[in-house]
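Below, each structure is written out as structure tokens.
Both complexes below contain chain A, partnered by chain B and then by chain C.
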Partner chain A sequence: MRIVVCMKQVYDPATTRISRSREEFDLRGAVKITNTPDKHALEAALRLRAAVGGEVIALSLGDAEADDVCREAIAMGADRALLISGPEVIGVTGRAVARALTAGVRYLDAVDLVLTGQVGLTDGTGSLAPRLAAELGWEVCLDAVRLAPMTDGQIEVTVACSPGVGEIVCLALPAVISVATGSERPRYAHPARIANAWAPGLVEVCSCTRLGLDAAALTADVEVGGLILPPERTRGQTIVGPTETAADELVGLLRTKRIL
Partner chain B sequence: MDFTIPKSHQLFRKMVREFATQEIAPRTRQVDRQGWPDMELVHKLGEHGLLGIPFPQEYGGAGLGELGYCILMEEVGAVCTSTAAIIGAHIGIGVMAIYLGGNAEQKRRFLPDLCAGKKLAAFCLTEPNAGSDAAAIQTRAVRDGDRWILSGSKIYITNGPIADVLTVLAVTDPALGARGGVTAFIVEKGMPGLSVGTIEHKLGIRGSATSEIILDEVAVPSANVIGQVGAGFITFMQTLDTGRLGLGAACLGGATTALDMMCRYAAGRMQFGRPLADKQAIQWLIADTATEIEALRALVYRTAWMVDTHQPFTREAAICKLFGSEVASRAINRALQVHGALGYSCAFPLERMWRDARIAEIFEGTNEIQRIVIAEQAMRPYGVRVRP
Partner chain C sequence: MGMDLSYLEALMGGVAAEPTTSESAGGVWVVGVEGRLDDGLLRLVGKARVLADALGAYVYLLTNGSDREAAESTIRAGADQVLLAQGSPTLTDLVSFFEPRQPEVILFPRTRVGRILGAGLAQRLDGGLCGHAADLEVDPIYRRIVAHQPVLDDAARQRMTILAAPAMAIVDTAALPAAFNEPWRSGAVADAGADWVPAAEPRPITWPQPAVTLANAAVVVAGGRGLKTVEGFALARQLAQALGGVAGGDLTALDAGWIAEEELIGLTGARIAPKLLLALGLDGDTSLFMSIQDAGLIVAVQPDPAAPIVAAADYNIHADPADFARALLERLSRA
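This part shows the complex of A and B:
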């Protein structure tokens, strides 16, 4: 089975701030990491490969630094990676991303399954999988927690509905599946694989032109109209007095605010 | 001059940090309390390839060199000194003696299982009457056909009670002494006559196991002689050089954690209406610690680079160990002071870190021995031979 896992480089939310004065993300000091939900997709792919054999290919889109994502995927167990890079893909969103990745999937040829993470840590729309399925014209399933191969060109997907409740669906291949973060925890990269991940020939870098995409295909279909900032934190309230009365007052306050 | 750490090693640091946070840190308190290693954790370290980091892949290692080993020790040292001691005794000296002194056949025979953590190593040098004066060891090895009979006892052996493979130094020719009369052996668990003696109860690193190792006429095949007969002292001294560097790296991790705790607490703790961080007395503790850590970091990673580029590093390794252990002790002591009574409380990790830090000034050559090594190297160009 040839499995493609879409993996993206994002700014670590723990290192990004919001500038209230400029009403935008402050990325000074922000650190780029592999989108952690995508690692869950990779883990699912590696488990599937262990069960049925085949090949796991990481597919990424971004600037030269996105190479780090490809190397990390290889260190975790991917066989190789394709990085779609070049000035025309910088900052692309939504449909354009799906179109570029679709071109990548077609270029990789004979792909049976495309896996994505549930959401991107920075935008969090979770729209990639359905967009990809639309572009590819394939079956789609969202938020899978378990994938099991079946013999007749189908895959059995367990989808978590609510805690402890799952739904099992059968999907015809080829298909696009987004993997929920509630699935198996991504494995640690193996140190020896880390040492070898920068060997030549493991990451193929491809421009959009080579994939047959022109600028028109990459035009944006959504536009960010503005940023809604969370309300500024207000100073907390201090309750003073003897413990018993303070405790009563606290409980009373929590009740009025309907926290208790 | 380029101080950039290669991408592969940056990714390795991320991996170790994740592992240390998720697997080691939650057990740190428990192993200290129970006074014994968590063997499940030790097996996990092996399973995830962390017990063979510096060794070549042909022997089952990760091939990440001394730089990789220092990153491992720094990140593990940042969360658990006991676990760092277990890894240090295994990789840094136990397996290292076989890797540096052993022949290709011995490396093929022993390293894969040791790197995978299927077997654990210990390094047996110290004896009741030979600590700093390592050349004064009394454990004897007498040739008997194609085997050697080892008799004697070793003390304060880290990993002693849990090790499967022990690298042991013994006297093969008392007339020659350290220069040609001392040989290193690979002793394997299960060999008749090998036993674990008294188990030590220690001030710190309680989550590592330390014991006496008793050799009662243990027959060791000649194939288990590390390198040449009579070359043991040199092998063991070279091994200690890399061990000291790794220890310096672990101290760097511990000191960095102490600084982090100190800053975090100083930022949040209000006294006299202002955070502690506003007080110059506290700022100076923070500044001194940050300065010393920066110097230690440069020292450790430059020395790792020297090892990986095959330059002599005996002097630098001794400096790393001496400076590192003192920086860590000072940093943790200051952090404890900043925390006040909370730092002294067993509810908080600083008291454990404070107890743990003390050992680094003692094992793998006391700091006094490090000063002798450094002075010896410093005085050499002046024609003076420094003796202990």
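This part shows the complex of A and C:
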């Protein structure tokens, strides 16, 4: 089974700050990391490979720094990686990302399964998996917590709907599945594997032109603007009045805030 | 796509043409095809109404979740035309439905089906998509839809101007204001002319969940010295039960023997992150404040206006905590 895991590099939300005066992200101290939900997808892929055999390939898109994501995936256990890079992919939006990754999946050839993380940290929306499925014309399933391959070219997917409740769906392969963060925790890379991840020939870097994508296919579908910030936290209000009216007021307040 | 001038015509004394299904291009479409018509969908129709009023367009609702009577409620919520369909559409069904209609805006609710169909449809129609919108507005100069996308766990929202047509958004309906209910609105209910194959029923499955503890509870009622007696603290427990949450206490409550050690909130106890923290008679100290940093709404009932918790709380009630707890319990049992 050839499994492709889409992995992206994001700004670590813990180090990303918001500038109130400029109404934009303050990225001066921000650190780039591998999107953690994507590591859950990689973990699911590695478990599938252990069960049925095959190959796990990490697929990433980004600037030269995204090479770190590929190396980390290989250190965790991926067999090899494909990085779609070049000046034309800097700042591309969702539609173009899906097209480029689709071209990458077609380039890798004979792929049975594409896994993605549930959502990108910091500013993700979780729409990559359905976009890829639409481009590839494959079946799709979101928020999988467990994947179990079946013999007749199908995969049994357990999906979490709400805490403790889910449903089982069967998908025909090839398929695109987004893996929920509630699934198995990603493994730590073995130190020896980390050292060997920089061996030559493991990460293939490919430009969009080589994948057959022109500039028209990569045009932006949305334009990112400034941030809208919630009002600054001020000193709390006081609910005045006798106990009974205050209790009434609090109940009304909790209703409007949808806590009751 | 030109502006819909029918409103202007109506204003000038002419007769506005009724919207028709097949001939009219454009419009703001809401797609709710999960076999139900819930409040979230009505709120989304309301948001579509606001956008359509700014664009001068009609609001269409494509749904398989209602009969004709239930469709009336969506007209009161702002829809001009409700199109009823049978079965559940695949992505290909939706593409062939929308391609001849040339919609201007398409909105989906952010459910699993909405996410799959919305993002897939955007890709197939070459549209622009905001995959997670908490609010939408119209840029009046360029006549574009601007979505507000939550970032950093909704610490802020990012403006996303949707450039490509159709403009599409997958909207978190829980973040939208309440649905309109305006009986004077008129609209039409029609057959969508779509007979889709019913979706296969998925096999349900359940698995055990970790019990609700202080650390993961959505509501925490915390009691402290101000409750005065063990009977007073019992009120905190009753309130926690009435609010569907968990009771806890600070070090003063532990020292008084009102709580067990695992109910302690503080540096040596649990760190909590509830949506609502109701602090009854808590003075508040560093140990407590360190552990309640992630709490959403903090309501403090504290007779002493100089207590440190007063500065940290979102809402303060200067009353005797036990009296207030009794009054609140009575209100909650009445409701």
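We adopt the following convention: the second predicted complex is superposed on the first by the 232 of 260 C-alpha atoms of A that agree within 3 Å, B and C clash if a C-alpha of one lies under 4 Å from a C-alpha of the other, contacts with A are read in each partner's own complex, and residues count from 1 in each chain.
In the analysis below, a residue touches a chain if its C-beta (ideal position, glycine included) is under 8 Å from a C-beta of that chain, and two chains touch if they have at least 3 such contacts.
For clarity, every value in this text was computed on a predicted model and none was experimentally measured.
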(request) May I ask you to decide whether A:L229 touches chain B, chain C, both, or neither, giving the answer as first, second, both or neither? (result) second
(request) For A:D221, decide between first (touching chain B), second (touching chain C), both and neither. (result) second
(request) Mind working out whether A:A197 is in touch with chain B, chain C, both or neither, as first, second, both or neither? (result) first
(message) For the overlaid complexes, name the partner, chain B or chain C, with more touching residues on chain A.
(response) C
(request) Could you say whether A:Y188 touches chain B, chain C, both of them, or neither, answering first, second, both or neither? (result) first
(message) Quick check for you: in the superposed arrangement, does A:D68 touch first (chain B), second (chain C), both or neither?
(response) first
(message) If we overlay the two complexes on their shared chain A, which of chain B and chain C does A:L46 touch? Say first, second, both or neither.
(response) neither
(request) Kindly classify A:L250 by the partners it touches after superposition: chain B alone (first), chain C alone (second), both, or neither? (result) second
(request) Across the two complexes, find the residues of chain A that touch chain B and also touch chain C. (result) none
(message) Under the stated contact criterion, what part of chain B meets chain A in this complex?
(response) 6-8, 11-12, 15, 18-19, 48-50, 53, 57, 61-64, 68
(request) Please name which positions on chain A make contact with chain B in the complex. (result) 68, 71-72, 75, 188-192, 194-198
(request) Could you pull out which chain C residues touch chain A in their complex? (result) 91, 112, 115-124, 126-132, 146-149, 151-153, 155-164, 170, 174, 202-209, 219, 243, 275-276, 297-300, 310-320, 323-324, 327-328, 330-332, 335
(message) Quick check: in the complex, which residue numbers of chain A touch chain C?
(response) 13, 16, 18, 94-95, 98, 122-123, 125-127, 129-131, 133-135, 140, 142-143, 158-159, 161, 163-169, 219-230, 235-240, 243-244, 246-248, 250-251, 253-254, 257-260
